[in-house]
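Common to both upcoming complexes is chain A, partnered first by chain B, then by chain C.
Let's turn to the complex of A and B:
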């Protein structure tokens, strides 16, 4: 599988996660989000940007609890619950938001 | 067997209702294949080998030599039919190849052709068949529609365990280069990073510190989640989902509060930061052994006296049934305690001693039922009484929660269903079979919700929790209606605010 972007094919795995994380950029994120039927709002970007910052530091996506806590600090109580994250990313914040942020899929019993 | 549904009428959901047969309905359901890198990392061929037929038959021969039970299972079926309607995947799909006997026959027909006298010379008389590409394809589909939950084996008069057969099937598939991505990628991560999730030490430490802050903000008590503490008494080995997902993390917080209340010296290990052992799912003794050895090494390195397992169904099966064989002897641990011990045994022991205090009203907004996780129910035990694996989790729940109701008797305890995501099936591309396989459990839950106003269900398995969080919304429940058992403990436990100890002596 791949994303056709700016005249090039950007490779992804079977499920649409980028195989080369360094090829990610915000425009490509829009394209991935479109495939996921998600229209990116500022709130979506808050999540995606936090995921990328966290990944830069820890080489893994943050736990849901870490994500909601960071959002709570930044955006307040209402925009930080797990439920709110599911409204933004209906397939689940961990997997769908990671895909759009160009991060690997969280694996395991999650 | 009829469902025991009090006051049942025609409209009520019957979890055990036999579906209309739909031959081939699930033939196309297959998991993603493992990449060559994931395969090779575990010592399997990267892709389908040229002489796959010979390799597969040789592997089957090797398994038959090593595992006498497998040969007995393949020889002893008398086609009585007792198992046919016992698999949740059959009940959910109607595909006759999901009848346990038919699933076994996928392997049995090949076994007969190559390993029995009659099958070699009169194959047509005994249903013996050549190993063809089509058979391999069927194996890949239908051995990944078995969650190795053993429900069928409870009803088999010969005790044939389809789990062993699907494990053997998957092991042969790995040997010819046809592995499953989900399991094999994850096992690779355990070897390189220490857990299924790929959570490295720094991220784990930061996550645990964050949880300590959360708990203190929440209840004003500095409950600790220690990492890599040498000389601690207890090593907690828990599924890495407990560090990452909801509601798993609330269970982890519950364990920490119990340890805190007991004044226990305990630690998590970053090296053995995973209770799960997917080596069992792929039927690989060697992978199961290597993963188990990490726990032994961590216990030795940290100098602990006890090993306690967190809420993970198949981990407890590996731990309870095989850990000593795989990674023992554990003569360096304190022999006065079970080796290993389940967190539910640990908590129940403290409750019985009167060492924990609860405010049950904290769970009054919850009307609860309990899902017996298949591996715990049918492959393990807890405590020192038969059936402890059923009674102890319920006893804990009834201690911390005022409103508890069981689901129908023929859907719980040793007759429990798998959640639908066990045995290495908890992956997105198998969502269809996962949802269909969950339907018997969901029907039983709907009934107890209608009869008793049940709002939530608790479980002690990371896979169950993730699976139900995904499936329950389809049945009219909130995503967070699935709870960790120790989450309910966490809600109700009373901890003393002032002084807390974090030293290593007891």
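Let's turn to the complex of A and C:
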């Protein structure tokens, strides 16, 4: 699989996660989001950017339990609940947000 | 919870030449979701896994060393490192990266405990499950 972006093919795995995360950029994120039927709002970007920062520091995409805990610390209670995250990313915040962020599928995410 | 078991993951190999260290770490992270009592042991060449400032660009593999620092987020709070293994390799505690977790007072405290060989044997004997990598 691949994404057609600016006249180039950006490779992804069969589930749509980028194979080379260095090729990610915000415009490509919008394209991936569109495939996921998600219109990116500021709230979506908050989560996506947070995931990228987490990956940059720990070289891992966090499991959903870890994501909610870390978001609570950074953004507060109302922006870290499972409910809030599922409203933003209906097919699984860890899966969809990581895909849009250009990260691998979270370890332990089944 | 009454069905909680004590799991010890034993790491005995250097980090990047084989896949054992990374596989062990991934199993730990996946297993952490099941809320068991998890601890990690580092002995023999396994102590190299926690050495700070690892750089893997020269050998073309991903550097997963920073991921050990995420273990606290996964509620994995006990990393036992064998004192003799460090000494035999010319290493001390100062050569190891910082791995911390939050205690009940929301303070970051070290997850790494240096233990001698005899204590390591006691720790192993006290487990329900020992997985060796």
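The rule we apply is simple: the second predicted complex is superposed on the first by the 106 of 110 C-alpha atoms of A that agree within 3 Å, B and C clash if a C-alpha of one lies under 4 Å from a C-alpha of the other, contacts with A are read in each partner's own complex, and residues count from 1 in each chain.
Criterion: contacts are C-beta pairs under 8 Å (C-beta built on N, C-alpha and C of every residue); 3 or more make two chains touch, one makes a residue touch a chain.
Computed from a predicted structure; not experimentally measured.
Trainee: Touch test for A:23: chain B only (first), chain C only (second), both, or neither?
Mentor: neither
Trainee: Determine, for the superposed model, which of the two partners chain B and chain C contacts more residues of chain A.
Mentor: Answer, by number of touched residues of chain A: B.
Trainee: Once the shared chain is lined up, is A:95 touching chain B (first), chain C (second), both, or neither of them?
Mentor: Once the two structures are laid over each other on A, A:95 reaches chain B alone.
Trainee: Taking the superposition as given, does A:59 touch the first partner, chain B, the second, chain C, both, or neither?
Mentor: both
Trainee: Contact-wise, after the overlay, does A:69 reach chain B, chain C, both or neither (first, second, both, neither)?
Mentor: The answer is both, since A:69 touches chain B and chain C.
Trainee: Regarding the shared-chain residue A:82, is it in contact with chain B (first), chain C (second), both, or neither?
Mentor: first
Trainee: Go through chain A and flag every residue that touches chain B in one model and chain C in the other.
Mentor: 58-60, 62-63, 65-66, 69, 107-108
Trainee: In the complex formed with chain C, which residues of chain A make contact?
Mentor: For chain A paired with chain C, touching residues are 57-60, 62-63, 65-66, 69-70, 107-108.
Trainee: Quick one: which bits of chain A touch chain B in the complex? Just the residue numbers, please.
Mentor: 14-15, 58-60, 62-66, 69, 82-83, 86, 92, 94-95, 104, 106-110
Trainee: Which residues of chain B touch chain A in the complex?
Mentor: Chain B reaches chain A through residues 32, 181-182, 185-186, 189, 195-200, 202-203, 206-207, 210-211, 214, 239-241, 243-246, 248-249, 276, 312, 426, 428-429, 462-463, 465-466, 470, 479-480.
Trainee: Considering the complex alone, what residue numbers of chain C touch chain A?
Mentor: For this pair, the touching residues of chain C are 26, 29-30, 32-33, 62-67, 69-70, 73-74.
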